[in-house]
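Each in structure tokens, the structures are laid out below.
In the two assemblies presented below, subunit A is common to both, partnered first by subunit B and then by subunit C.
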Partner chain A sequence: MFFVSTGLALKDPGDDLRLEGPFLVTSGGQSPGALQFTVIAKMVNIDYTFERLVKVGEVDISKFKTFVVVVGASGKGLGAAGIDIDVEINRVVELAKLAKANDLKIVICNLEGVSRRGVSSDRIVTALAPFASVYFIKTDANEDGFFTELSKEAGVPLATFDVTVGLKDVLAEFVEKPN
Partner chain B sequence: MRKTVLVLAVVALLFTGMIATVTAPTVASSNGMVAAVDRYAAEAGAKILEMGGNAIDAAIAVSLALGVVEPYASGIGGEGYAVITMADGSKFAIDFRSTAPMLATYEALTEKGLRIGTITRTPMGICVPGVLAGIREAWLLGATLPFSVLAQPAIDLARNGFLIDQTFSQTTADNYELLLKNAFEFLNEGFVWETGTLYKNPELADTLERIVEEGIDTFYFGSLADEIEEFMIETDGFMRKSDLEIYNAIIREPLHGTYRGYDLFVPHPPVSGPQLLAVLNTLENYNLPAMSWDDPLAIHLIQQALILGDIDRRTYISDPDFHDLPYEGFMSKDYAKTRFMVINPGRVFDQPYASYLGNAYPFQEGATYEEALLAAFAEVASNASDIDESPSTTHFSIVDKDGNAVAWTQTLSSFFGTTTYFKGFFFNNEMGNYASSYRPGDVINLTGGMRPRTTICPTVIMKDGEVRWVVGTPGGARIMSMMVNLVVELIDFNLPVDKAIRLPKFTGMWNDTTLRIEAGYPETTLNFLEKVLGHKLNIYNTYPDLYFGGPNIIAVEENGMMIGAGSIRRGGFASAPEF
Partner chain C sequence: MRIRTVLLISLIFCCVAFGAFFRPDVRPGYGVTGIGWLSDYFTPFKGTNMDTPIYFMDSGVAGPTFLLMGGTHAREISSTTAALVFIENAIVTKGRVIVMPFSNISAVSIPDQMGSAPHFIMVETRSGPRFLAYGDRRTDPADQGEPDPVVFKHAQSDFTLNDGAEARNLNRQYPGLADGNSTQQLAYAIIEMIKAEKVDFNLDMHEAGTPDKYVDSSGNVRSGSSLAYTLVCHPDALEIGAVTIMEVEAFYGVSLKLEESNRAFRGLSHLEIRDATDSLSFLSETPNPGQDTWRENPDVMYDEAYPLKHRVALQLQIVLSLFNAYEMFMGETIEVIGVPTYDQMMREGLFEFLN
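== the complex of A and B ==
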């Protein structure tokens, strides 16, 4: 089961926001959430490319219609990648800018719930918020209304789901089926 | 009908009462005690004590239960070491460390274009598991209950499930990419197991039931061994049934040393008992009892002694069946005096650590430190390899009401071992503890049948023949630091066990020129360490941090009261029978 709440400026997200493939998927914080996103993407037959550490200049963004950042700051993941949180935020923000300039829809996703609601994860989300087209958020990550507020401020939809696999239904709802 | 229901209710109440236990992070009881990293496992042991089992019975139950509730840290695909002291005075050390399969050679790896470093997360990284052989030897040594009874709590946990805690969830998340690739069946339909989820492992329940029905020998000689061989051939692993058939857990008397009048019973090589004794012997030359846990001078002396012990370990510890090394010299009081002389109380080591390697050979023959130092030092080559040991592993401690004690540490080496998943359990990756490539004279070169070196160190500490503490910890290369921190806190600083386990910790390692130190020390202490003594501080700002280890300890007071303390760094619990 999942729920969609509507940002103030958007009357009918179902009509106005359809996500098209191909998707470019990256991690925001190097937790395993992004890899889990790809498992679900496979389940719902989304055409995606997953690049954990992709940077502007390393990707032809015009090939994609949707840009997904799965947010979750992991000290271990960042350490393994040899980067710190500031470098990571800069990487995803620059990508988001490029995606927006190329008219991609931008999805901010929290797939791991409250365990990825620390200071670093929230910094990533806040930095990306100006670019968000939609939020896909595991319910327990939004118990304090953090994502609801961001969604309302930006007037973009927020879809929440209770268990990880619930994202499958969210994607099925938002992703445009190929003709 | 009504009478039947009533009778059933009474029986149920009696049964519930029979297996009642008290479980919490810290528990006091005189009825026996189990301290383990997981509440379900601790309770499994306490229930066995409640049923009248002794510490060995409980240890077998806890060992198997831990393999269910922490499948990433230990299990029947892993290995370990136990030190047992019985109330009648007998003492046993059970070495159930893994051994290298005979087909695993540097030549075989070279032919495949591989090195040890590249196979540790593949079936080729598996060494011969020893946990079940260790359990068999423990059972034969002194168990009182049938194996089927001791295995039942683990079978029930696997069959009926349990709620996942944060450590389980986090560890799965940390290893998700490998698990997705190598052990999809373990995951929650392809996803990380989340905290609070009910986790069942019916496949492992079936495997354990089969081992109960067919006997432990099925794993080493029987049909299960056949299936393991078939699986190894299919997945290109080195282990064969012939390796399982020749595997033996080794029973010895534990090594004995002393520290300020206490008796320590520790493991033999290739486990790190001699290193613990060597470091403590060095520290015995200082008046640490006059200092406190946050005294920068105490931290400095302990850390420098740890570094010396770690440098020496790499040369003097290996499998004694394959290398004749002077580990008894290494753990002698006179050798420790020479190490004491190396430490500058007012400044950190200023030379490359390798240059501080000591010469333990003269002390193996009983030389005094005066004799040894007056004689010309023989040149000692450092036969040492760089192994980055994993923070995985688990330790539990048990004392029963009669005073029998078990210190038991078991591991898969890395979390999830090789990530090779078979019949509900993971196989270890102990192969990573051999030298990555052949070096002439190296004491940890890969050799078929040899046990790799390890830092684990389950220990029983006694005073006047009575158990005072049962101690041990996971933590990879930080195990010795945690062990020495704890022993000094308990003996020198006379701290209660729950306080000792909570105090912040620090490390001293041969390959680390920083002082890694957990948050919680006073600013003055940190400033003094840095500015006066010259330490490069590496402060871990998250407290508690599992990096430093996850000890589970039992203290026995002079009046017989047992205090069990579970690790605060890994969510550990103590559990006691209520009787």
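== the complex of A and C ==
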């Protein structure tokens, strides 16, 4: 299924993809975008655990149904964490492999727009692309069609939103509410 | 023309008459309930060019205390002007706001050493002509009390910068030193004030170069500043910052980048104030064409893409949205009337809000 939305008016994504909680949320690149994701997740009552530096071996992945990587390479963030971009890519790719093996849905998210497009951020996205179940992307990060191409190649949905808080509506559409 | 001349002469006379101490033009509105000085918290500054006025806006209704700082870098005039607009228009109806419009007043007292903007810029306000001061990034060397070192070293850590002049940059000195040079003492005095006044949260307003791409002298296309349109937050304040920027973007269409303080870069307000006090710290950056080294004749007032009106309106909207976000996480906040929203100032103009 291929699906693109613009801004807040989403079409029904259908039964092909429903995201279930609990979510495991991490950063891919250590920008504050992942924290912004959790603020919005709270607004729509998603059950999540946020671990910005979680590694394979430190998490019981079977407790989760969805794995979210909020991508945004930040020199400051990586520096503060004492890691470089290669270590960071390896960390999130290993987590994605584990998540895939455990049948979690994998969300690749750009929440900070074009300010988090660049060589390092794009390397993270490209490394994670084989594992993606869906892309949630701020519109101005996709002006060159980078995420459109990736979603087409993999045949997975792409949902876009014009303003950061628009992610709330995307999540509301994709996340299955508990009975 | 005659009025302008008289105003400028008066301004210069005031500086000379009062022992050459720079005293800025601030015209408080009804919301100001008290005026103090930084020397009230650090007496060695009394009667010096480092002492700066502080404006108290107390609602009399219990609530948090917020500190708004402009002029840490005196050439970043959206910060000083936004602080003036707040002082001259706001009525605080819950909690208390403290405004320090010219945090490094010594830097305001000298022209910008790195740019070409005039020291005083005349504007037509709602009550007639008036001058805005466009100062320097750093303390006047004459006030520092010692020459610049070859290499700047932060007093409380091993953090160094190769530019020794950064010893006169207030936003490299926090938490400051009581017995240090004048700029270290300034940071110390601000921390003392924050502690004494039990400031719950604070915003240090700044400007950076614009994000515009440009072609350098070798013909290469270069990226503009990545700092502008940013809200930097102490790690303890990051969620509040996240909600703040989402509100500014969703309701006013201006996208800001969220950044977390870098613990490896010492001496900055957004990191050190929170570490040294109970006050949650934030720092905002708007784009000032006057800080683009590549521009030949930057217009710091009326640039088509980055006019001062847009920059001041954004600073004030960040303040208002910060108040809203603070309530979401802390349960109560500052309530204020009279401060124009971003849209209102863009529609009605900046100088309509200056006395």
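Simple rule for what comes next: the second predicted complex is superposed on the first by the 167 of 179 C-alpha atoms of A that agree within 3 Å, B and C clash if a C-alpha of one lies under 4 Å from a C-alpha of the other, contacts with A are read in each partner's own complex, and residues count from 1 in each chain.
The rule we apply is simple: a contact is a pair of C-beta atoms (placed from the backbone, for glycine too) under 8 Å apart; a residue touches a chain by one contact, two chains touch by 3 or more.
The model shown is predicted, which means the values in this text are computed figures rather than measured ones.
J.: Assess the superposed three-chain arrangement around subunit A: do subunit B and subunit C clash, or do they fit?
T.: Subunit B and subunit C clash in the superposed model.
J.: After the superposition on A, what does A:G21 contact: first (subunit B), second (subunit C), both or neither?
T.: Neither partner.
J.: Could you tell me if A:G113 is touching subunit B, subunit C, both of them or neither one (first, second, both, neither)?
T.: After superposing on A, A:G113 lies in contact with both subunit B and subunit C.
J.: After lining up the shared chain so the two structures overlap, which partner does A:L35 touch, if you call subunit B first and subunit C second: first, second, both or neither?
T.: both
J.: Name the contact category of A:G79: first (subunit B only), second (subunit C only), both, or neither.
T.: Once the two structures are laid over each other on A, A:G79 reaches subunit C alone.
J.: Report for A:T164: first if it touches subunit B alone, second if subunit C alone, otherwise both or neither.
T.: both
J.: What is the contact status of A:P130 with respect to subunit B (first) and subunit C (second): first, second, both, or neither?
T.: Neither subunit B nor subunit C is touched by A:P130.
J.: Of subunit B and subunit C, which one contacts the greater number of residues in subunit A?
T.: Touching more of subunit A: C.
J.: Can you tell me which of the listed subunit B stretches (351-359, 513-521 or 567-575) runs into subunit C once everything is aligned on A?
T.: 567-575
J.: Using the superposition on chain A as set up above, list the residues of subunit A that contact both subunit B and subunit C.
T.: Residues common to the subunit A contacts of subunit C and of subunit B are 31-32, 35-36, 39, 74, 76, 112-113, 115, 163-165, listed in rising order.
J.: Can you name the residues of subunit C that touch subunit A in the complex?
T.: 226, 233, 238-239, 241-243, 245-247, 249-250, 255, 257-260, 262-265
J.: Okay, in this complex, where on subunit B does subunit A touch?
T.: Contacts found on subunit B: 166, 169-170, 173-174, 176-177, 180, 188-192, 194-195.
J.: Note which residues of subunit A are touching subunit B in the complex, please.
T.: Spelled out, the residues of subunit A in touch with subunit B are 31-32, 35-36, 39, 74, 76, 112-113, 115, 163-165.
J.: Show me the residue ranges of subunit A that touch subunit C in the complex, using the header's touch definition.
T.: 31-33, 35-36, 39-40, 74, 76-77, 79-80, 112-113, 115, 140, 163-166
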